[in-house]
Amino acid sequence: MSFNSFGRVFRFSTWGESHGPAIGAVVDGCPPGLELSEADIQPWLDKRRPGTSRFTTQRQEPDQVRILSGVFEGRTTGTPISLMIDNVDQRSKDYSEVALAYRPGHADYAYDAKYGFRDHRGGGRSSARETASRVAAGAVARLVIPEVRIRAYLIELGGDRIDPAAFDDAAIDENPFFCPDRAAAARWEAIVDDARKAGSSVGAVVECVAEGVPAGWGAPLYAKLDSELAAACMSINAVKGVEIGDGFAAARLTGETNADPMRPGNDGKPVFLANHAGGIAGGIATGQPVVVRIALKPTSSILTPVETIGRDGKAADIRTKGRHDPCVGIRAAPVLEAMVALVLADQKLLHRAQIG
Amino acid sequence: MSFNSFGRVFRFSTWGESHGPAIGAVVDGCPPGLELSEADIQPWLDKRRPGTSRFTTQRQEPDQVRILSGVFEGRTTGTPISLMIDNVDQRSKDYSEVALAYRPGHADYAYDAKYGFRDHRGGGRSSARETASRVAAGAVARLVIPEVRIRAYLIELGGDRIDPAAFDDAAIDENPFFCPDRAAAARWEAIVDDARKAGSSVGAVVECVAEGVPAGWGAPLYAKLDSELAAACMSINAVKGVEIGDGFAAARLTGETNADPMRPGNDGKPVFLANHAGGIAGGIATGQPVVVRIALKPTSSILTPVETIGRDGKAADIRTKGRHDPCVGIRAAPVLEAMVALVLADQKLLHRAQIG
Amino acid sequence: MSFNSFGRVFRFSTWGESHGPAIGAVVDGCPPGLELSEADIQPWLDKRRPGTSRFTTQRQEPDQVRILSGVFEGRTTGTPISLMIDNVDQRSKDYSEVALAYRPGHADYAYDAKYGFRDHRGGGRSSARETASRVAAGAVARLVIPEVRIRAYLIELGGDRIDPAAFDDAAIDENPFFCPDRAAAARWEAIVDDARKAGSSVGAVVECVAEGVPAGWGAPLYAKLDSELAAACMSINAVKGVEIGDGFAAARLTGETNADPMRPGNDGKPVFLANHAGGIAGGIATGQPVVVRIALKPTSSILTPVETIGRDGKAADIRTKGRHDPCVGIRAAPVLEAMVALVLADQKLLHRAQIG
Amino acid sequence: MSFNSFGRVFRFSTWGESHGPAIGAVVDGCPPGLELSEADIQPWLDKRRPGTSRFTTQRQEPDQVRILSGVFEGRTTGTPISLMIDNVDQRSKDYSEVALAYRPGHADYAYDAKYGFRDHRGGGRSSARETASRVAAGAVARLVIPEVRIRAYLIELGGDRIDPAAFDDAAIDENPFFCPDRAAAARWEAIVDDARKAGSSVGAVVECVAEGVPAGWGAPLYAKLDSELAAACMSINAVKGVEIGDGFAAARLTGETNADPMRPGNDGKPVFLANHAGGIAGGIATGQPVVVRIALKPTSSILTPVETIGRDGKAADIRTKGRHDPCVGIRAAPVLEAMVALVLADQKLLHRAQIG
C-alpha cells in the first residue's frame, strides 16, 4: 500500500517524483495565526539543496518553494498548507540503463516486484528528492514548537568518527558536511573526493539533538515519542539504523551505569546527572535533550559496475551514471532535523489534546 | 496522547496495567475463516511467561489467555477478536517506595510529568507485562502469514556476543536465553546470576529473521516496511536501538561492499549474493530474509540504590525491591517475534488491498 | 474490512457478539484525573437495558459493567479504559432457523456474502446488543464534556408524530418510550402492543439536542462536526436517515427563511434568532444547540413469515422467533445520546489540540 | 482540528481556498497500472463547472486539471497522484462586506469563533469551490471501480418534486438541473429564475444510485458502507440530511412492508423483490443498487438583506453581492457522484484486504 502521510494531528502528505514537473507537501492540522511566508521555509531548503558543493550531487535545483494555500495576510489560517517545489534540472536520459536493469541496493527491483512497473527516471518516487518536501513541511513544524531547538550533524563519515572532545557547535555550519569537528571535516573532504573519483560511495552517521522538549510530550504505547521518531527516521532514504540516547551501547551497560540519576533542581524540575536515555523514558519526554542517531548506508547508485539482472531476468552488470551524492548522509542532516520537528509538533498538539 | 492501537488494516489495541485485574488485546481486521483457538496462542505466551527459569522475574503468572469474541465454531469470523489474560500474582505492596520516589531510567517521572499522577503498582501501564497482550495478538497475526517463518534470538547479553560460527538454530529453544550459541548460553548463566546477586541488571541485543516474506510487501513512503518495523520495535519496553540488515555497520561500507548483487534464479526470481539490506529496499521487501535487530538497555528496576528525587521534589535514594528480570532482553525475544508478525500481517493485507 | 474503532483522539473500540461470553469497549485517549467508577456508567446502561418494560425485548440482561483498566484510586490515568459486560441470558437455540435462512432486512445475507460464514446466534456481531458497549463508552465521554447537556427522545413512532406544542422535557423519563409528549406516549403503548401481537414491528424517529457546545468545536473538511455525527448515527443499527437542524425540510426553505439571523448579545456572543442550521455551520459549532435526528426502520426480525432463501440457495419462508424489540427505535435513544457524547468529546480534544 | 483527508486505504486530501492561486487534491493508495490522463478527469469537472448556464454562479472557471505526479507513461504507478486546478476568475473585491460582517447560515462566524480570523475572500476554505478537488479525485476513484455505474440527479428543487413515473435516465444530461423528469426541469427554470431575480435562493434534494456494487463490500461496525456514505455526504457544503434507501420513510413502515423479500436467482445470487434498504444491510452491500439521498439547504449568500452582527460585535444588515449559485443543490449532483465513487473505491480495496 502507498501511505504518503505522516502524523496524527499535525500531519503532512508528500507527493511527486524525481523527474516529474514538481514535488510538494500538504501540511494539515497546523494551528492558526502563525506568521508564515516562503521566507520561513526557503533557508531550510537551501541547507538541503543539491549542487552547493562538490561533495553532493551536481543536479542544480533552485528548490524555490511556493505556498499555495492555508496562509492569509501572512498568517496560517488553520487550513491545509500546500507547498510546491518545481523540478527544474531533470536529465531523464541519464537513466536509460536503470530502465532496463535493477541497481542492487536501490528500490528498483522492489518497486517492480510490487507494482509491476515503475517510473525509473531518477528513482521516481523512491528518490531522495522527495525529502525536499519533508524539509519544507518541517519548516512549518518548527513554527509550532518555538520552545524547541533542533540541531543535526554528522558524527561519522566513511567510517571516520569525530572526536567528541573537538565538538564545536559553531563548526557545523562552516563546512559542507554539517560536521561539528573541524579536523574531521578536513579529513572527510579527502574521503568523499576519493569515493567520488573511484566511482564509489560512503556511509555516514547523523545525530540530532532537540533541546527544550518539555517533560510530558509523548504517548504510551504505540505512539511513544521514541517509536514515532524511529518510524520517522527509518522512513528517510538509506537509513538502516536508529538509536535513542545511548542506543546499542546501552545494551553493554548495567542497571547502575545506565541510570540517569536525578537531583532536586531550583525550579521544581529535577536535575539529571546523565542522559543515557536520550531524553525519553516510557515513550515520554523527561525534559532532558532528546537525542536521536541514524545510520545511512553508502549511496547505492555508483559508477563501479555491480552484478545484477535486467527486467528481462537476464544477468547484467550495471553502472549508474546520473548525478548522485557520493554520500547521501550529508544532505540527510537537514532532513533529519525536519523529521524530528514534524514528530515533535505532532506530539505537542497531541499532548495538549489530552492534557489541555 | 494515549495511542494503544497499532496497525492500519490488521490492527490490535492493548489495555491493562501490571496490577489491575487483567490485561488484554483486541485484534481487528483479521481475515475470516482461519482456525483459531486458545491452543494456537498459549504456546507463544508460555515462551514469554515469567518465572520459568531463575533468569527471569519470579512473578508467577500462568498467563492463560481467553478468546472472548470473533471466533465461531473454531474459526475467525472477521470481527474483532478480544483476548484476555487475568493478572494473578500481583504483590502491590512491594511497590510502596516506587509510589513516593522516581526510579531513574523508568517511566515513573515521565508519567507523572505528563498525567499528574500514575498507577505506580508494578509500573502500571508502562510495565513490560503489557507485552503479553502483544504476544497473544501476534499469535493471531501468525495465522495470517503462514508463508512466513519468524525466529528471534539473543546475539548479545551483558556485552558478550555470540560467535556467528557457532550459530545453531536448534540451540535457541534449548536454553533459557533464546541463544543460538551453546557456549555463549553457558557463559550467560554466570553473567545473569552475577547481575542478580549484585542487585544489578544487564542489557541485550535481540535479532529477528523473517523468512518467506514475498517481494513486494511494504509501502512507500511513510508505511515503509522498515519504518513500520522500527516503530514496532521501538515501542517495546527498554529498546533503545533498531537496525535493519547491516544497520550501523552499513555506514562503514562502500557502495560496492554494501551492494547485494543479483543473479538470475531458476524460478524467475533473482538470487541475491548478499543481504546487507536485510531484505528491504525502498521500504519494500525484496524477497530475501527480513533481518531486524534491537538493543535493550539493562532493567531500570535494580536493588542497588540510585540517586533520585521523590514526588515531593526532595532528594532520595531508591532501591527497587519488587520482582524484576535481571535482563529484560531475554523475554523480549518472543515479543519481538510477535511485533514482526503483526507488522507483516498488516503489510500483507495492505499489499493485497492495493495490488489485488 | 472490519473497523470497530471510532474517533480520532478520543477513541473507542468495541468487541463482542450477541451470544458470546461477553461484550466490551476500550476507550483510549481519555484525559487523566477524571473521577470514574462503575457507578458513573451503570445508570446509562440501565436506560438502554432490555427487559425493563413490555415494549422491549424480554431478554433479561443485567448489563453490569466492569472497569478493567485505566482507573487508579477512582480517577482515570490517561491510559486505555477497558469496559466489560457479561452476556448472561443467551438462548442460542431460538436461532436455529436463522442459521439456515436469511432474514430479509437483516445483516444475515450480507455477512455471509462478505465473510463466507457468520455467527448466526442472535445476529452475532450485527446484533444491537453491541450498542451496550457504546453506551458504556459514551458514559466516559460525558465526563470529558461536562459543559454539554445531551438529551435524546422519540418524536415519532409507527408514523405517529408528537405534538411539538406538547413537548415537556420532564415527560421523557416518565414513560418507556423516551417520549416528551405524554399524550403521544399513551397512544404509542397501543401501537407497540398491536405490533407485537401481530408479530410485526414499527419504526421511529429519534431527536437529540446537545446544549452547551461552544462555538468553534468542529473540523473542516472531512471531520466536520455534522459529518462525524452523521457517521456516528448511521453506524447505529437500523438507522436509515440522519438530519442536522431542519434536515430535509431545509431543502424547501429559501435563503431568507432558512437564515438564522444574528443580533449582538450581552456577553460578546451573538444571539441567534433561529436555529435552522442545528447549531453547525461549515462543519463547526456556532454555539447554538446542536440538533440531530435519526430515522430507524422497523425491526427486521418479525414473527410474520417473509419470503427468503436459505443458505442452500433454495426458497424458504422465515419467521424469526427469538426475543426482539417490536420497535428498535425506543432503545436507540440512549445509544444516540452516547454517540453524540463520543463525537463531541473527540471534537473537544481535537479543538484544543489545534487551538490550544 | 483540520482534517482534510478522507478514506482508509484509498485516500484523498484536498487543499486550497476559493481565492488563492489554486486548489488541488492528492490521491493516495490508488492501484497501479490504471490508464489515467487529464482527459479522464476533465469531463467530470466540466459537469460541475460554474458558469455553464444562467442557473449557476457566473464565475468563469475553466477548471483545467493538471496531473503532477503518480502517473508514468499514461498509467498510475501506485504512488500519490497530485491533481491541481488553477483559480482564474477570482474577484476578491466583491467580498469586502463579508470581511466585516457574518453571513447568517454561512461558515463565517464559526470559522472566526474557531480560528480567530479567516480568509473571507469567497468563503476561503469553506467555499464550495473545494468540491472541484473532490470531483477530480472522484474521477480517479471511478477507474478503481469499473464494475460500478454511479448516477446522481435532482429529485426536488425549491420544494417541487419530480414525478417518479416521469423518470427518464436519458433526460438527466439534457437539462441544466440534472433532472430526470423533463416536465419538472421546465418548471425549475422558472423557480430558479424567480429566486435569482428576488435575490433569494432555493434548496434541493439529490439522489444517487450506484449499480453493480457487489454483495460484501462494506465494513462492520464503524466503517459501515452507509456510515461512510453518510460522512461523505454530510461533508458536502450545504447538506443537512442524508438518507439510505427509504430513509425517513422507512420509519413509517412495518417489519413486513419494509422487508426486501428474497427469491432464488439464476446465477446463485438472490433476487430481491424490493429495495427499501437501499442496497445495504448491517453496513454491508447486499448486491442491490445502493441508493443515497441528500438534502441541500438554500444558498446562504443572498442579495436580500439579513440581520447579522459585524466582527466588531455590532448589529448590521448584510447583503452578499459576489456571484453565487441561486441553488447550490444543482452543482452538488456531480459532487455527490464523486463522493460515492470515493467511498466505494475505498471499500473495494478494504474488502480485498481482508477477504483476499
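Order of writing sets the chain letters: A, B, C and D. Residues in each chain are counted from 1.
Rule of thumb we're sticking to: contacts are C-beta pairs under 8 Å (C-beta built on N, C-alpha and C of every residue); 3 or more make two chains touch, one makes a residue touch a chain.
It should be emphasised that the depicted structure is a prediction, and the values quoted were computed from it without experimental measurement.
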(request) With residue numbering as the guide, point to the option in A-B, A-D or B-D that repeats C-D in over half of the contact pairs. (result) A-B
(message) Please tell me whether A-C or B-C has the greater number of C-beta pairs in contact.
(response) B-C
(request) Provide the C-alpha centroid distance between subunit A and subunit B, rounded to the nearest whole angstrom. (result) 26
(request) Would you mind pulling out the distance in Å between where the CA atoms of subunit A average out and where those of subunit C do? (result) 46
(message) Centroid of subunit B to centroid of subunit C, CA atoms only: how many Å?
(response) 39
(request) Could you list which residues of subunit D touch at least two other chains? (result) 1-5, 8-9, 14, 29-30, 32, 78-79, 114-115, 125, 220, 350, 353-355
(request) Can you check the complex and tell me which residues of subunit B touch subunit A? (result) 1-6, 8, 14, 102, 104-111, 113-115, 125-126, 130, 156, 158-159, 195, 200-205, 215-224, 226-235, 239-248, 250-256, 258-264, 268, 270, 273, 276-278, 280-287, 295-302, 304, 306-309, 313-315, 329, 347, 350-351, 353-355
(message) Looking at the complex, which residues from subunit C come into contact with subunit A?
(response) 8-9, 29-32, 78-79, 220, 349-350, 352-356
(request) Please name which positions on subunit B make contact with subunit C in the complex. (result) 1-5, 9, 11, 13-17, 20-24, 26, 28-30, 32-33, 66, 68-70, 72, 75, 77-82, 114-119, 124-125
